[in-house]
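Pasting the structures in now, so scroll down.
Okay, so chain A shows up in both of these, paired with chain B first and chain C after.
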Partner chain A sequence: MSPRKAFDEARLMLVGLLILIWTLIPIYHLFVMSITPQAEAFAGAVWPKTPTLDNYTTVLTQGHYFLGHFWLQLFNSAMVAVAVAVLTLVIGTCASFAISRLRVRIGETVSNLALLTYLIPAAFLAIPMYATMGQYGLLGSRWSLILTMVTFASPYAIWMLRQYADKLPYELDEAARIDGASPIQIFWLIYLPLMMPSMVAIGTYALLLAWNEYLYAFLLLSSDTEITLAVALGHFLSTDDAPWNLLMATGIIYALPPAAIYYAFRRYMVAGLTAGAVKS
Partner chain B sequence: MRKALGLILASTAVAGVAGFAMPAAAQQTVTVWFTKGFYEAEDKALYAFIDRFEKKHNAKVQLSLFSTEDIITKTVSAVEAKTPPDVGFGTTYDFRTTGKWAFDNKIEDLTDIITPMKDRFLPGTLETVYLQNGTAKKKAYYAMPVQQQTIHTFYWKDMIEEAGFKASDIPTDWKGYWSFWCDKVQPALRAKGKRVYGVGHPSSIAASDTFYSFLTFVNAYDASPVDKDGKLLVDNPKVKQGLVNALKDYTEVNLKGCTPPSSVTWTDTDNNVNFHNKTTVMTHNATISIPSSHLDNANKGDAQAKKNYDELIQTAGWPKKPDGGTLPNLAAVKTAVVFADAKQKVLGKQFLAMLLEDENLNPFVEGALGRWFTVTKAGADRPFWKDGSDPHRKQVYQQFITEGTIPFQFVYDYHFTTINAENVWGRAIARVAGDKIPAEQAVDEMIARIKVLVAQ
Partner chain C sequence: MASVSVEAVRKRYGALEVIHGIDIQIPDGEFVVLVGPSGCGKSTLLRMIAGLEEISGGVIRIGDKVVNEVPSKDRDIAMVFQNYALYPHMTVRENMGFSLKLRKAERGVIAERVKKASQILGLDPYLERYPKQLSGGQRQRVAMGRAIVRNPQVFLFDEPLSNLDAKLRVQMRTEIKALHQQLKTTSIYVTHDQIEAMTMADRIVVMHDGIVEQIGSPLELYERPNNLFVAGFIGSPAINLIKGTLRRDGGRNWVATEAGIDLPLNGNASGQDGQPVVYGIRPEHLVPADNGGLPVTVSVVEPTGASTFVYADLSGAQICGVFAEHPGVNPGSRMTMMPRLDRVHLFDAGSGQRLAG
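So, the complex of A and B:
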C-alpha cells in the first residue's frame, strides 16, 4: 500500500472512529446508569463505584412501583408489534399482487396515492385519529393502536412491495396460468415465496415502527394493563426525581428485542429495502 | 362463492374487532384520568378511595394514570375530539388549561358541589377556581381544588459550612441574599478547589420552574402584569419598571456565572439533579420534591439519604422584598374538573365531592411525602403538617398558613396560561442572559408578546 493510500485509509478510519464514539456515547451512558445504584445516580462518575445488576433484578421482578405491570406491558408491546407486522404484510402483499401481477385498472394511482399519505406528518393526524377511534368505540383498546399503526405502515409497504414485485418476471405467472393455476394459487405458490426477502424487510419495518411508537400508544391506550411498555416508561417522568437508573435498565431491556430482530434479519433488510430502488 | 366467502370473512373480522371493544357490563361507569402519583402511597390512597366510591355509588370507576406531561396532551386531544373522560385531574391543568377550558365552556360548573363545603377550604384556594366562562358570561367555580404547591428555597448546610459560613449568616434582605450565594459562598468554595455554583437558577424556556421562579421575582417588585379584575397593567410605568428590575435581578445570577451555564437549557428535573449531586449550593423549587426524594430513599433504608433529609438539606423561605416587605408566596392550586362533554356528569361530580372528604383527600395528599400541600383546613390541621417534627414540612406549613399565599395571574386572565405555556418569561431571560441585550429591551419585547397573546 502506498503511503498516500495508507494516509487516506487512516483519515477515513479516524472519521469512522469519531462517528462510532459519538454514536456509542449515549448508549454507554444508558448502560452505565443502568448499573448504577440510586445513591450514585448523579455522582457524575464515568464508571460507578459499586456497579450493580440490582436495577435489572428490580425491573425483571417488577420490584418498583412504576414497574408493577412490566411483563404485561412488554407483552402488549410485542402483541401490538406482531399484529401490526402481520396485518401490514397481509395488506401490502395483497395490494402489491393486485397492482403488479393482476394489473388492476387503478393500481398505478393507488400505488402513487399511498406515498402521498406521507406528506402529512403522523403527529398532525393525532387528534383526527383519536376522534375516529372514539367514534368506533375503540379508545382504550389495543386494536385502536394496531389499526392506527397499520394505517401508517401500509402505504410504504404497498409501495415497496409493488416495486419489488415489478421486478419478478411476468412469464412465471403466464406459465402458471397455462398450467391451470388460479390467481389465489399464483399468489400463494409463486408470488409469496419469491417476495419473501422484501416481506421480511417490510415486516421488520412495521414491527419496529409499532414497537417504538409512543405518541399514538399513549393517546389511544389508557389503563395500566393495556398500555405498551414505551408508554409505561413515560410514567417514570411523572416526577422530577425520576428513578433514572431503573428507567435506563428498563430502556435497555426494551431495546433488546428490536435490536435482535434487526440483526437477525439484517441481510433481508438491506436486500429487501433496496430491492425497488433501481429499475433494472 | 368467492364474494360470499369474502363477506363472511369481513363480517367476522368486524364482529371480532367490535367484540374486543364492547363494554363488558351495563353498570354505570365513570371514566377518570389522574396524574400518576410521585410515590406508591399516593396511588394506593387513590385506589382505596375508588374502592369506597364504587361501593357507595354502586358504580365502576375506570381509572387511568398518566405522567405529568402526558395527561395534558391526552386530555387536550380528548377534549378537542369531544371524547373526554368524565373526570380529569392533572397537576399542570391549572397552569395550562383549566382557565381556558372554563372560558371556552369545556368544563362543568361545580358550584353546586363546592358551595356546601366552601367553609372547609383554606384561604386562597377557592379563589383560584372561580373562573370566567366566556359563553355563559359569568364567573363560577369551574374546578375542584385538590392540592397546592408553592415555591421554596433549599441549601446544603454542610456546603455553606465548608465555605466558612453558618445558616444564620444568610442575609434576609433581597440584594444581600443573592449576593451571599454568588459573591461569598461560591468564591469561598471555588477557592477550595470545588467546581460548584452558588445557585441552581432555572433559566430555560423548557422549564416551568423558570416562570415559577421568575414570577416570584416579579412579585418581589410588586409588578404583577394583571390586576384582580383581569386588566392588563403592563403599560403602567411602575409595573414596567418592576418587570425590568425583576429581570435584571434574575439574570444577574446568570451573568455573574453563579448558576451552571447549562441552566439556560434545563428541564424541570435539572435543578433537582444539580442540587442532589452538589453542583449547586442552593436552588429554588416549587414543592419540596428535593428533600422528599431523600426521604423516599431514607424510607427504603438509605442511611446517607436519611442524614441528608434530617440534617444536611435545609428548606427555607424567601428573603424580604427589595422594599423590605414580606414576599408573598406564589401558590398554584392543582385542579380536578368534570368535562362538559362527559357522559357521567352527575357521577363525576359525586366523585369529586367524595374525594374531598377528609378520609379520602388526606391520605392522597400526604402520600406525596409533603410535595403537595392540602387545600382544606382540616388537612392543614393534621400532625403531618402541624407537629413541627419534620423540618421541611414545617417550612411548607409556615409558608402556606403563617405567611399566606397569592395566586398566579392566570386566575385573573386565562390568557396567562398561554403566556406561561409559551414561557414568555423564560424567553426574556434568554434574551438578557444569552443574547446579552439590555433588560429594558427584553421587557419591551416581552410586553409586546404578552399583548399579542392576550388579544387572541
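So, the complex of A and C:
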C-alpha cells in the first residue's frame, strides 16, 4: 500500500471511529444507568461504584409501581408488532402479485398512489386517524394501533415488493400457466417461495416500525393493560423523581428483540434497503 | 399428437395491427420453423398458439378443436422459452414433474415419466440439482424435459437456443432434431437464425412485417424464393442482388445494369424487354471463369478452409463469390466470375416478386 493510500485510509478510519463513538455514547449511558443503584443514579460517574443487576430483577419481577404490567405490556408490543408484520405482508404480497404478475389495469396507479402517501408526514394524520378510530369504536383497543401501523407500513411494502416482483421473469408465470397452474397456484407455488427473501426484509421493516412506534401508541391506547411497552416507558417521566435506572433497564430489554431480529435477518435487510435503488 | 391450423389469424394491440391475417397448415408430426427478422410477428404468433396472447381475429385449431378461447393449460401444449423459465426454487426433478403434479397425477406415474424423460435427455445425474447449479446447455435440456414429460400434442419453442454459445447451439440443434425424430410430436419452432431454420425444419415459414412471405421446405426456399425478401433472408453469405433492366433480343436474354454490364440469362427467362428487374445469384453459384464472365475487382478474400469467400466490386455493385478452391487472387486483383445460368433468380424490381421461369 502506498503511503498516499494509507493516509487516505487512515482519514476514513478516523471519520468512521468518530461516528461510531457518537453513536455508541447514548447506548453506553443507557447501559451504565441500567446497572447503577438508585442512590448513585445522578453521581455522573463513567462507571458506577457498585454495579448491580438489581434493576433488571426489579423490572422482570414487576417490582415497581411503573412496572406493574411489564410482561403484559411487553406482550402487547410483541403482539402488535407481529400482527402488523403479518397483515402488512398479506396486503403487500397480494397487491404486488396483482400489480406485477396479474397485471391488473389500475395496478400502476395503485403502486404510484402508494408512494404518494409518503408525501404526508405521519404526524399530520394523527388527528384524522384518532377520529377515524373513534368512529369505528376502536379507541383504546390494540387493534386501533395495529390497523394504524398497517396503514403506514403497507404503501412502502406494496411499493418495495412490487419492485422485487418485477425482477422475477414473467416467463415463469407463463411457463406455470402452460404447465396448468391457476393464478392461485402460481401465487402459492411460484410467487411466494421466490419472494421469501424480500418478504423477510419487508416483514422485519413492518415489525420494527410497529415495535418502535410511540406517537400513535400513546394517542390511541390508554389503559395500562392495553398500552405497549414504549408508552409505558413514557409514563416513567410523569413523576418528578422518575426511577431513571429502572427506565434504562427496561429500555435495554426493549431494545434487545429488534437488535436480535436485525442481526438475524441483516442479510435480507441490506438487500431490502438497497433494492429498487438502481434499475437492474 | 395433433395437427395445428392457423386460419386468417390477426393480432392487434389497440389500433396497431402486428399480424395481418396468417394462414399456416401444420400436419401431425411436422417440425415447422417460423423464421424472420425481429419484429416480424413470429413470437407473437407462437404465443397466440400457446394461449399467452389473445387472438384478435381468425381461428387457431389444435387437432379438430378451435382453441381461440381455450386457456393455455387446456390446449395440451408444452413450451420451451428463450430464457428457459425454470422454477429456481425447485430441483430438476420437481421442475420436470410440476405440470403432472398440478394435474394431480399419481406419484408413481410422475416418477416414471420424469425418469423416462431424464433418460432421453441424459439428465439422470442432475435430478436433485437446482437450476442455478446447471450449465446453460443442461438448463436447456431441463426445459425440454419439462415439455416432454407431459407428452403434449404440440411442442412450442421460442428461440430456445439464442442464450447458448455458438458451439452448444449447434449441438443442441442436433439434439432437438433427434428428439423430434424419436418422439414425432408436432413442433413449432421460432428463430431469427436462418441456419437454425434450414437445418431443423421440415418446412419453414418465412415471416416479415406480420405476413407470411413464403412457406416451403428448406430446399424449396433456397432454390425457388418467391420474392426478394425470402431470397435475401435465406442463404449465407446472402444472395447477390443486382438491379438492372431485362433485355430480350431474338433468342438471347440478359440483364443490363446501369453501369453497362451485361448479366447473362438463360434462354427461357420470362419477363418483358425493358422491364426493371433484380438479378439474383447466390455466392456459391458463381464460378471463376477465364473469359466471358463478370469482370470484378477483388476487395476482400476470406479463406474459411472448406471454401473461400471472395468479396469483389462489379462496377460499383458489391458481390460475393464462394469457391471450393482458392481462386488464387488477392485484394486489388482482377478476375472474372461466371454465374451458373440455371441458378439465376430474376425478380420484378417493383413488386419484388419472382419472375416465373
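By definition in this document, the second predicted complex is superposed on the first by the 280 of 280 C-alpha atoms of A that agree within 3 Å, B and C clash if a C-alpha of one lies under 4 Å from a C-alpha of the other, contacts with A are read in each partner's own complex, and residues count from 1 in each chain.
Keep this in mind: a contact is a pair of C-beta atoms (placed from the backbone, for glycine too) under 8 Å apart; a residue touches a chain by one contact, two chains touch by 3 or more.
Quick caveat: nothing in here was measured; it's all calculated off a predicted structure.
Shared-chain residue A:178: touches chain C; no touch with chain B.
After overlaying the two complexes on the shared chain, residue contacts for A:126 are found with chain B alone; chain C is out of touch. Of the two partner chains placed by the overlay, only chain C lies in contact with A:194; chain B stays clear of it. In the superposed model, A:9 makes contact with neither chain B nor chain C. Put chain B and chain C next to each other and count what each touches on chain A; the higher total goes to B. Once chain A of one complex is fitted onto chain A of the other, the partner contacts of A:242 are limited to chain B, with no touch recorded for chain C.
By the touch criterion defined above, A:169 reaches chain C but does not reach chain B.
Overlaid on A, the two complexes show chain B and chain C touching no common residue of chain A. In the complex of the two chains, the chain B residues touching chain A come out as 17-18, 20-22, 33, 35-40, 43, 62-70, 73-74, 77-78, 80-83, 268-269, 272-273, 276-277, 289-290, 292-293, 296-297, 302, 304-305. Residues of chain C that touch chain A in their complex: 50-52, 71-73, 77-79, 81-83, 85, 87-89, 98-99, 102-103, 146, 150.
Contact residues on chain A toward chain C in their complex (touch as defined above): 169, 171-172, 174-181, 185, 189-190, 193-194. The part of chain A that touches chain B in the complex is made up of residues 38-39, 42-44, 65, 126-127, 130-131, 134, 136-141, 143-144, 218-219, 222-224, 231, 234-242.
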